[in-house]
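The next part holds the structures, each set out as structure tokens.
Below, chain A partners chain B and then partners chain C, in two separate complexes.
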Partner chain A sequence: MANTAKAQTRFRDLAIRYGFLVLLLVIVIFFTVMEPAFMSLRSMVFIFQSVSITAVLALGVTATLVVDGFDLSIGSVAASSMMAASYAMVVWGLGSVEAVALCLLLGLGVGLFNGLLVVVARVPDLLATLGTMFLLLGLQLIPTAGRSIAKGMMMPDGSTSTGEFDKSFLFLGRHRLWDIVPVSVIIMLVLALVIWFFLEFTRWGRVMYAIGSNELASRLAGAPVSRYKIAAYMISGVSASIGGILLAARVGRGDVSSGNNLLLDAVAAALIGFAVLGVAKPNAFGTLVGALFVGVLLQGLTMMNAPYYAQDFVKGSVLVVALVFTFSLTRAARR
Partner chain B sequence: MLNRITRRMIVKLGLAAMATTGLGFAAQAADMPKPFDKPGDVKIALVRYLSTGDFFQAYLSGVERQSAALGVDLRIFDSRQDAALQADMVDQAIALGVDGIVVQHGLTEAMSEAVQRAVDAGIKVVAFDVNVGNPAVPQIEQSDQLLAQLALEQAIKDNGESFTAGYVYVAGIAPLDRRDEKWREFKEKYPGINEVAQFGTLDNPIANSVANQASAVLRANPTINVMFAPYDEFAKGVKIAVDEAGLNNDVKIYSADVSSSDIQAMREGDSAWVATAATNPAVVGEVSVRALAMLLAGEDPGHNVIVPPTLITRDMLMELDIENMEQLSAKLPQFAHADVAVADWMPLPSR
Partner chain C sequence: MSASPLHQTAAHPVLQPKGGVQPQGVLKLEGVEKSFGANKVLQGVDLSISAGEIVVLMGANGAGKSTLVKIIAGVHDADTGSIALDGVAFNPSSPAEAIRSGVCIVHQSINDGVAPDLSVAQNLLLDRLCNGETGFFFTPGKARKEAQTIAATLELDLDLDRPVRELNLADRQLVSISRALAQKPKLLILDEPTSSLSQREAERLFTIVEGLRASGVAILYISHRMSDIRRLADRIIALRDGRITGTFEKPLNYEAAVNAMLGHGLLATRNQGGERGEHLFEARDIVLKNGSAPFSFALARGEIVALTGLVGTGKSELAECMFGVRKPLSGAFELLGKTYDPASPGEAIAKGVFMAAKDRANSSIIPGFDIARNLTLPFLTSFSTMGTLNRRRENQSARIMIDQLDVVCQSEQDMLSALSGGNQQKVVIARWLSQPSRVLVLDEPFQGVDIRARGDIGRKLRETAQERATLILTAELDEALEVADRILVMSNHTIVGEHRTADLDMDALLAQISGASVIAQQAASVSDAAHGN
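Our next item is the complex of A and B:
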């Protein structure tokens, strides 16, 4: 009797730990059977590319989730960073290095602003970042009076812009290393590795997790909680601005957009990440797998001519399953 | 001719006087019919449902230009995709005592009643791209059917009557639905058109999301040689995917609408985006105001005021060396002005 019970617990543990990865494998096999073109090197690389921007944003959100915060502004930071990069090059005629630096500074600045709102002004995180989101949605449109930015665009004062997108900037979104791996995928993987290492293996990362699970205890233990929280928002801001840079480099113009879908997809990826490996907490590896999971589904469904609303439905279903997985199964196992 | 010039000069002088004195009645134009003999006293309102994006910016600039040319007092109400608020704004405009209202987009259900209240209050109303179901309200339209038809005729001209097509479409968006009607009509007329894939999304940023989908579609259906993407954001997304797959010379993209950035994308070396059909949104804005002005002067612009589209091909852009919307207007006169809802007495915006 005791043995079967033990075996059951073990099976459940295994299911919790690897269930999501097995599910991912099953889905990949299913799509390969339905649509042979799905299983090719190019397809696989492409799935990585299609999720790279979402994943970069999601990694940033993960950092704020770790300290028990939340960043609603990432979508608009990405959109603003896309506009800023385009504006810098097309209107000011700056080079790609300056444009990228400007965007990263913008991301850091917004992150700092969010952090200060939360820590110093004591505005609850959801509200603070919601405010920042609206602020940026408006701000990004002011310089161009609501127009998209492209080479040869007409400025609000009637003149025509003279700059253009730097070749080396477009390289970030369009070039493929060894003719197969896009640069954006490399950036995503490197960022994932850095954030994963930072959160799991450095003292700072451990302190951030400690703050997330019990802020008061961490404060009493002498951790500079405020600084860590601000740092988390700055990581989030800078990740989002990297996402915006990749977006601008891929699209090749500064598109007027709210970035709300980016926000939702990124948050979904990070939340699905809770369930991967059954750790029930924000983690960089899970976030990456979560983003890939959604990417695999969307790619497969599109190949099978599924309409867009079916895709939203599937995205929602995956998220709900992942949340149930996180909040009931893993909790039950711990009891 | 001379008469016309002096008339315009008087209007301009009037405008200048108005600007300096800040008083409307200075704009006394001799030959304009009532109420435009005192254009500064004419108040019109633009009540918008959609405003973010290049198309809507350009539309607004057209409305502003034509209003300035007439010398009327333009008020702008922007509901930012809030249907209920848009209806309230019509009531606000009524309360403000405007003489005419341009309704720009919106939902039929929400706007019909509000527009009826305005008509009952003796206010002249025209509607752009929203059917308010009111015989007293002229409907300004950019003909989506004609747009799709121009692009598809070009596709047939370039590729013959049989080709393998991918189609980008999202159901439930009125202009896209009207373009879809034409597409279905063409498929029936030319049985050689083989649609192997249909996809589409309006997830923001649209070009990026559509690029992801198009990439999957191109790999699942390597035989596609024509992509019909009847909305420029769709076309931009498909182009990204075609570039990434290195299929620039194997796939041709046909679309609708145009902007400066679209022109740049079409002009790129080896661009797969070969043609688009478009109505100049600024011209649509001008026509909207002119139709309203005709109503106010007691003339009839007709119930359906249709602004005809123009076909723009990659070859045209290269030959005429067109780099942006301004040059497009300057070098393709049919794009810069539509001879629709023009009365003799009406001052047109200067170009």
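Our next item is the complex of A and C:
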């Protein structure tokens, strides 16, 4: 009797730990059987590329989730960063290094602003970052009077812009290493590795998890909680601005309406990440797998001729399943 | 007292003075028992309160006071026993029913009694708004008029249109009490009503309560505060471990009441005789609260000092000052002869002053971490090279501490939630013993810990005490006697006595805890406050 009970718990633990990865594997096998081209290198690369920008944003929002915060402004930070890069090059005629530096500073600045709103002004995180989101959505329209930015565009004062997108900037979004791996995928993987290492293996990451789990206890264990929280929002801001840079480099213009879906996709990836490995907490590996999970599902369904307008429904379903998995199964097992 | 506001409310029979009439038992409890699972919280409580009488209920944490109140208020049902209100059996099934029957409660946390975003007027009428007496159309003008009537009877001197969130705590408390009084109660229960009030504000509350007594309301007053009790009590009932351990009629013997409440049974004190070295830590002229007397003390290397006193007398505030969580109003600390003024817990830890806060679940434990990571959290720098953690060293150190404190667990990677309360507390203590400290402050280290774990923790503290000064904060006298070389007594946010455990004068100690020796001081501070403003 005791043995079967023990075996059951063991099985449940394994199911919780690897359930989501097994599900991913099953889905991959299913699509491969239905559509052999799914397993091709080209298709795999396409999946990675399709989720790279989402994943970069999601990795940033993971940092804020770790300290029990939330960043709703990532989508608009990415969009603003894209507009800023385009504006810097097309209107001001700056080079790619300056444009990238400007975007990263913008991301850090917005992160700092969010952090100060939450920590100093004590605005609840969701509301603070919602405010920032709105602010940036409006702000990015002002310099161009609401127009998208492209080479030779008409300026609000009637003149025509003179600059253009730098070749080396576009390289970030369009070049493929060894003719197959896009640069954006490499950036996503490197960022995932860095954030994973930071959160799991450094003392700063450890303290961030401690703050997320019990803020008062962390403060009484000597952690400078406010500084860590601000840092988390800055990580989130800078990741979102990297996402914006990649987006600008991919489309080669500053498009006012792109980046609409980024926020929801990124947050979904980070939340799906809770379920991966059954840890029920934000983690970088889970976030990456969460983003890929959605990518695999969409690519497979597209290859099987599912209509594009069903995509958001599929994402939503995955998110709900993952959340139920995280909050009912995993929590129940902890009791 | 004759100008009491409630004399004018003759319209309502309950509030009429009962001059000449023989006082009758308004509330009568007989043999009330209540268990939660295997935990017997109340084990046969008999209690009776008469009209126009203030009965003070004293009890340490976990004695069963709140359960008793909740049964009277209709939140819980008693398992056995009977309750009668005005001679009629009384078994309220909900708080609303209790209120309708004339039992009103003012809760300890003031904000439970008011709706902060509503105006004072709306708050006063809240119960009537909620139970639908006011009808569907209730115009602000009508509300104001009714609220004005209530406020006038209670002499409530507040702007009725102000939202309650703009009031200070004392005024909110007044609104909360006025709200209860608007129900014209037969029995009013006040649960530690002065815990967040200043002396002057408390004085105002006392006047109101005395007015209510004069008008014939039966009052059950729950408090640890000796100053409140001295001022108001007609009778004291001490509750300990779910039993009434003493009933005291006038003239009241306060020391005996405290003794009945703490029930230490005067155990044989162990004289550990720790080696006492030079002073590591000194506190000079510390003032913790407006109007409280300044105090000084020193902690020496190798000794264990207990700071005892009733709940809410300022022990934790002192510990928080020492740990950089807050600052004393005035006074200074010295650590190893140098000025010590920590701006944050981080700085305190860096300087070798450690504190294990009370209420471990909220203030010590990281529930998402295993034992090892809970242990190392304050000392991560010493477990990492260039920011990268060395998990093997962490686990090693954790295994040593688990072994030393006999923490019952499978391995150092168990989650804390899997451990029993006593073992969790051992982990909390082990965290602060795992690195050498100059001063170790432990706030209620034996809270919710069984007797064996308590022995283990006490022994370990003694073994490791040589190189540091140890200060233990506890409201339980037994614990202080068991573990300390020296006992400091705190009352009204100041230190009122010092005893060596070896030659203890128990009567003097109890007198100090109950505040007998500070009446003069307190009177002085009240008049100070009055002059000051």
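As a working rule, the second predicted complex is superposed on the first by the 332 of 335 C-alpha atoms of A that agree within 3 Å, B and C clash if a C-alpha of one lies under 4 Å from a C-alpha of the other, contacts with A are read in each partner's own complex, and residues count from 1 in each chain.
Definition applied: contacts are C-beta pairs under 8 Å (C-beta built on N, C-alpha and C of every residue); 3 or more make two chains touch, one makes a residue touch a chain.
The structure displayed is predicted, hence computed values, not measured ones.
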For the three-chain model obtained by superposing on chain A, do chain B and chain C clash or fit? fit
Applying the document's definition of touch, where does A:191 land relative to chain B and chain C: first, second, both, or neither? neither
For A:37 in the superposed arrangement: first (chain B), second (chain C), both or neither? first
Applying the document's definition of touch, where does A:102 land relative to chain B and chain C: first, second, both, or neither? neither
Give one of first, second, both or neither to describe whether A:91 is in contact with chain B, with chain C, with both, or with none. neither
Looking at A:210, would you say it contacts chain B, chain C, both, or neither? Reply first, second, both or neither. second
Which partner does A:148 contact after superposing on A: first (chain B), second (chain C), both, neither? first
Thinking of the overlay built on chain A, is A:305 touched by chain B (first), by chain C (second), by both, or by neither? first
Name the chain, either chain B or chain C, that contacts more residues of chain A. B
Taking the CA centre of chain A as vertex, the centres of chain B and chain C subtend an angle, in steps of 10 degrees, of 120
Quick check: superposed on A, how many Å separate the nearest Cα atoms of chain B and chain C? 30
Quick check on the complex: what are the chain A residues that touch chain B? 35, 37-38, 40, 42-43, 46, 49-50, 53, 79, 82, 141, 145-154, 160, 174, 182, 247, 250-253, 255-262, 298-300, 302-305, 307-308, 311
In their shared complex, chain A is touched by residues of chain C numbered 323, 325, 344-346, 348-350, 355, 357, 362-369, 373, 377-378, 380-381, 383-384, 387-389, 415, 417, 431
What part of chain A is in contact with chain C in the complex they form? 201-204, 206-207, 209-210, 212-214, 216-224, 281, 334
Chain B residues touching chain A - in the complex, by the definition given at the top: 51-54, 56-57, 170-171, 197-209, 211-213, 215-217, 219-220, 222, 236, 240, 243-244, 259-261, 263-265, 323-326
